[in-house]
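Across the two complexes that follow, chain A remains constant while its partner is chain B and subsequently chain C.
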Partner chain A sequence: MKKNRGNRSTQGLISISASLLSIAIGLLVGLALLFILNPDHALDGFRKILVTGVLTTEKLAKVLYQAAPLMLCGLSVAFAFKTGLFNIGATGQYTIGAFGALTAGIALQLPWYVALLFAIVCGAVLGAIPGICKALFNVNEVITSIMFNWITMYAVNLAINNMPIMLSNFWAKSTIKDRTASLSVANPSAVLPKANLDVLMNSNYINIGIFIAIGVAIIMWVILQKTVFGYELKACGYNRHASQYAGINAKRNIVLSMGISGALAGLGGGVYYLSGTGQYTLLKALLGMGFNGIPVALLASSNPMGVIFSALFISYIMVGGDALQPHFIKENIDIIISAIIYLSAFALLMKGWISKIFLRNSVDNANAEIAFESEPVDKPAQPGGVGEGILPAADVKKEEEV
Partner chain B sequence: MILADILSATILFAIPLLLVALGGMFSERSGIINIALEGIMIIGALCGCLYLRYTDDAGFGANAPQLYMLIAIVLAALAGMAFSMLLAFASIRLKADQTIGGTALNMLAPALAVVVTWGAQGQAQTTILIPNWIRISQESLGLGTGTDFLSRMVFKSLYLTTPIAFLLLIVATVFLYKTKTGLRLRACGEHPQAADSVGINVYRMRYLGVGISGFLSGIGGFAFTVAAGSGFQSTVAGYGFLALAVMIFGNWKPLNILGASLFFALFKIIGSYAGSLPFLPQFNGIKSSEYIYLMLPYIVTMIVLILTSKKSRAPKSEGIPYDKSGR
Partner chain C sequence: MSEYVIEMLNITKRFPGIIANDDITLQLKQGEIHALLGENGAGKSTLMSVLFGLYQPEAGVIKKDGEVVQINDPNDANHLHIGMVHQHFKLVEIFSVLDNIILGVEQTKNCLLQKKDARRKVMELSAKYNLQVDPDALIEDIGVGMQQRVEIIKMLFRDNDILIFDEPTAVLTPQEIDELMQIMRNFAKEGKSILFITHKLNEIMAVADRVTVLRKGKCVGTLDVADATIDTLAEMMVGRKVSFEVQKSVARAKQAMLTVQNLIVAGKNTGKHKINNVNFIVHSGEIIGIAGIDGNGQTELVHALTGLMPVTKGHIYLGERDITSATVRERNDLHLSHIPEDRHKHGLILDYSLAENLVLKNYYYPKYQRNGFLRFDEIYRHADELIAKYDIRSGQGGATRTRSMSGGNQQKAIVARELDLDPDVMIAVQPTRGLDVGAIEYIHKQIIAARDAGCAVLLISLELDEVMSLSDRILVIHEGEIVADVDAKYATAQELGLYMSGASRQHMTTECEVEVQ
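For the complex of A and B:
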């Protein structure tokens, strides 16, 4: 059993190195791209991508500020992935979360923590709808989510237009009618506290949002890894029929995991729009933040703890990408990110390569150990979690020896 | 007269949905979930529009407009096909997760398009304008200017993409149901192991399925940009995802997909014409009530999906990488 656990940490190490390898190759692709587009400034641009985020505390604050909603959207997608669902509706849930938080903050004049609660509930309700459609009517959650992204966007625009108190021209003399009121004017108590970090980092962007996001990530990890509830959710993801046979209520679990996933994205919307720096603008296109949650989740192979780092990383190179202008456009960063994601789609293949290099040594060690201890017939390899995709190589070897 | 306009616009917007949903159908029928339709559309539109732009700048496009339009369509198709091979390679050869690969391509395409647009047109030029000679007018066909119902419906906004789309629909239907290759392709989406056991090359069939989907989606993306009329801005406004819904709505069958795309486009157009249709309720008490009609197509699709979900039947093996050594 002890050996088994050792293997699992090797597995984690392999996952991480596969992600790092994807990142490294993706960045090289980016460098090549910069050379093609503008060879004179390529190296300088590449340096900017890599270091801008830590050059000044102000930039670092921007990284953290942007990472918070990104992390929550990533968690939303990752949580759904872990339970076998693809939540492409994080965008809609993020939008309705923003709407819920702003309604609480501006129209109802409630403090920030109640506003965040509103965001969570709104997101959860919207997230549960695709779950219900899947559980009861067997409609693919991807399609429902896509439909509800658009329905939500139009509904939120409709609602905000019909609530004059929400708009900025209600609070200040201005002709701008297409965005919500600035929170610092309408209700300063709804702005997320800054905990003196703004003075410390010399930036208006920073607030406690990032700590909320990290805390939520840890809670999600505990739920998925350490509780019966999380185990049941994952079991449904791996094999719905088998888990039903084992007495798990799969339909309820689908609705619940989509609801939780929606709540996370909703909270993301709340955190972003309660920062006091962003005003919700009535748009005709879906917000990008929810979609950016997908690469964050994928890069972390849907591990909630990994999401913390992948969100920070993506936010970091996005800030670096903004510094690319005027010699390059910031969309170059999107190309780099998509290259990284495309590469991480081969995670299985890369894990295969890496584990070959990695495990060659440890397999030899394990064999030597077995020979030395001359253990009697060991129990067959216990699948540690439901999730161990690749059989621990050392255990396989052991069985052959038996 | 407004009815003719609505029908004309419906057909115009149904065409990209039809083409892309057909593309998605071929891919899924062969067993590969193609969520990258959106990205493929963008790449197709990019290449088609860039080509039109160059011919127009060079000044020879207007001489034989439909010939150059045809070349643009072919280029869009080939570009879409080439781009879709990225998905095919990842999901067939490397057995990668198809959703992840598709998502990566969806991210890559708009970014690439923006970069190429900048590269081709200089800084801050984010729109590729489409020349206006591409429309097929009555004069160009030598028919004279009729203003009756039929000619207004057909010629209000007719582009070469429309007849080609209907032609491709017929070809696609015949190919899928009446040819040996079509049957083999369908078999690979249902039970690849059984198909393999009788000597069908599953990998090749899947490459074919994804390739066809890239071909059709590339044209679809170009058709969308032409229909939208405001030039190419590195986006197809979520039509690739709508096409996925249309494909499911159409139950992975060509003729049902035609019906589904017409249905969806009709509701979409009704939404944008809502203000000028006297028989629709106007919601006078509510500000910016146009949003209600903009929501309509999505809500109707949702209701139809729920009502027809019992009959919905996806290809059995879609989304599962084929492994020869599996059973």
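For the complex of A and C:
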């Protein structure tokens, strides 16, 4: 079937142009904010946001370093979206993944690949809990996973506090008790390999994490597009009733999907904290990384391949934002950057508009003899609460004839 | 003073992808019953929604008594004394009948609700038009017939004199339909004007003065019913000559394929028995029709038979095998096919391509997957085969997104998929709901062909005509019980109507038990 590619590529074109348009709008709003906060340095700041990421290999290394966990969190959220679930618990799963990896690396003195496995398993278990609650008791996964974000944060704090071997002052003479030991001191074999990239890019940040993330994205794409498992998962996401009718075990798929989603976020936590450049600090607030996975997934319309690019983009903007200092204070930078990121995630809304415009034109041309009883075709393909919330559902009026 | 109370002139209303109303003109005289005829999707409901202020037309004007009016919302319509009984009633389930009638036009005194006058007015209207209602009953406790009467009184309570009835007979028994027709005639005699939306030709012949026919969003014409015949109207509606006769040979029933024994199914939330001690057998090579008014347990029966809902008590056998607690997948694999009632909710995954939907029941067969990977070449070949065999029309063949297909072709896709499973038993629920006459003919033929090939068919439909023309035997369901078992050859609509409404019932033997043992 060669013809069908036409339809698919039109859809793809709409998706991509929607994403690009969203990014442009996000950047414009960012520019406006720069002018409001510090007009003298606005244009210069804007230039910094746009180009810092590629100015030096060192900055590029930072972009890739940050993009890896972001990508994995984005994949986590996107995977759940594909199954019609909203995993807002990515941050908790990310945190427990970090904890699992560090426990394996520091307390158990295991190498990095086993530590990553710990991260995956911890994330999967935590992710599966809201899935089980949803499947068995029909409890909304958003509520359970939000609660588990906080439960996880405090539980991890409690655990680390009571594991002296994990803390920094156990390994080196210091009084620092609020963070975990530096991996390079405690267990160098747990640090992710750098594959000579550190020399090449002149940065200590770079490691193989980004390749792991890209590899996972490709595997996820294959699973969703090519396998029976992916077919079943997407079926549940698009239409739970029809998948039950077809004999697909929806409950099992909800648990599996949330488990896999959690595993991806957990892996993200492992990748970030095993890079050897940061130490896990006892937290008072939830980590932003898991939440940033949501705009990454939305900007990519939940397409795993798209997530690769959207994570790189958002990481790039973040690195650019750091260069705004000292003309802008940290808090203002956060506002500017998050405005850009969150407006970029309006890709879905754009998609609705663009396909509407697209459709209107094709109606005028073709005078539409088709599909009289079918619903308007511009309904979003995106399942899940978020998609429905953002889109102007009221615009999609249906004819009420049965 | 104009001859017409309401004129809708050159109305055009578009939706993304379709023109629902294309330059339609409808003129309503005072005191007439004016039918609006058209197939599903012809634009009848859209036109009425425009009149009722729910949609704004892109072009055209509405005149009341010769003067142009602007109707922005249902309140405006109400001020112009236009009232509507919607196809799906707009009633608050947990309110009483009286509260529903006064909702929106409540009288208050010192911020307190005054119901005394309202109650008197309701009782007067009820007596005057012979519309029996119990003002204190809750909506959830009364039947659809009374709910409809509540909707009618609601219009009268607001002193509406232009009354719109949107497919009012779909939920009624033949007897209730006769009553409704009489009530409509009384209204017209009093000078009220009635717009009667329907796709049933005999109802138009029985009650309407004039009829306007719509087809695919366009106005085909307006004519006096006295000058029309059922055949001309059908031709105007469909655009070609139509045969209403279903051709079929005599059924040759063989062994029992689907046996239902003392089946009890509890409702989803209430635990109330929605199916109560039901027994029947469907043999291979016959079509058993189940007639009944909507909401009498049909959905629960189907869901229990297909495994979507647990059985409380009793047994279901497929051939010799007890499938009472089998999963949906196990039943599929035993060649139980199911054409579901709601094609969008259960039958299709609208965001999947046609090809993907055509393997929805058997994508896991070795033919379509290898080591967990889907074999898309086979899946598309299979789609091409079914598209050709069942004449499914779609823009891009197997790759068409199902959402963009017309309802008729979506339904054909489901029928194709279910028949392709080579079923021993087929449960067909409302298989032609919302389809045009051509597609109906086609699907009926396919179902009869399946029967002749030895399939046991259980047909559940709210359209009495469909049950009567397709079935070999008819069971009537009322409040979760089978109240009659009649030979389709000798059944009349009147007789079935009495059973459907619960006014009469046969003494049912429990022959099934004997036969299975």
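One rule holds in what follows: the second predicted complex is superposed on the first by the 327 of 402 C-alpha atoms of A that agree within 3 Å, B and C clash if a C-alpha of one lies under 4 Å from a C-alpha of the other, contacts with A are read in each partner's own complex, and residues count from 1 in each chain.
The rule is simple: a residue touches a chain if its C-beta (ideal position, glycine included) is under 8 Å from a C-beta of that chain, and two chains touch if they have at least 3 such contacts.
Because the structure is predicted, anything quoted here is derived from the model rather than measured.
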item	value
Chain B versus chain C as contact partner of A:F346, first or second or both or neither	first
Partner chain(s) touched by A:A242 [first = chain B, second = chain C, both, neither]	second
First (chain B), second (chain C), both or neither touched by A:K356	second
Touched partner set for A:V228, first chain B, second chain C, both or neither	second
First, second, both or neither for A:Q109, with chain B first and chain C second	neither
Touch list for chain A against partner chain C, complex	1, 3-8, 226-229, 231, 234-235, 238-239, 241-249, 356, 359-360, 363, 367-379, 381, 383, 397, 399-402
Complex interface listing, chain B residues touching chain A	35, 86, 90, 94-97, 99-101, 103-105, 107-108, 110-112, 114-115, 118-119, 123, 235, 237-238, 241-242, 244-245, 248, 286-289, 291-292, 294-295, 298-299, 301-302, 305-306, 309-310, 312, 314
Residue ranges of chain A in contact with chain B within the complex	33, 37, 86, 88, 133, 137-140, 142-144, 146-148, 150-151, 154-155, 157-158, 161-162, 285-286, 291, 294-295, 298, 326, 329, 331-335, 337-339, 341-342, 344-349
Complex contact set, residues of chain C against chain A	14-20, 40-42, 44-46, 49, 55, 87-88, 216-217, 306-308, 327-332, 338, 340, 344-353, 356, 360-361, 363-364, 369, 372-374, 380, 395-401, 403-408, 410, 433-434
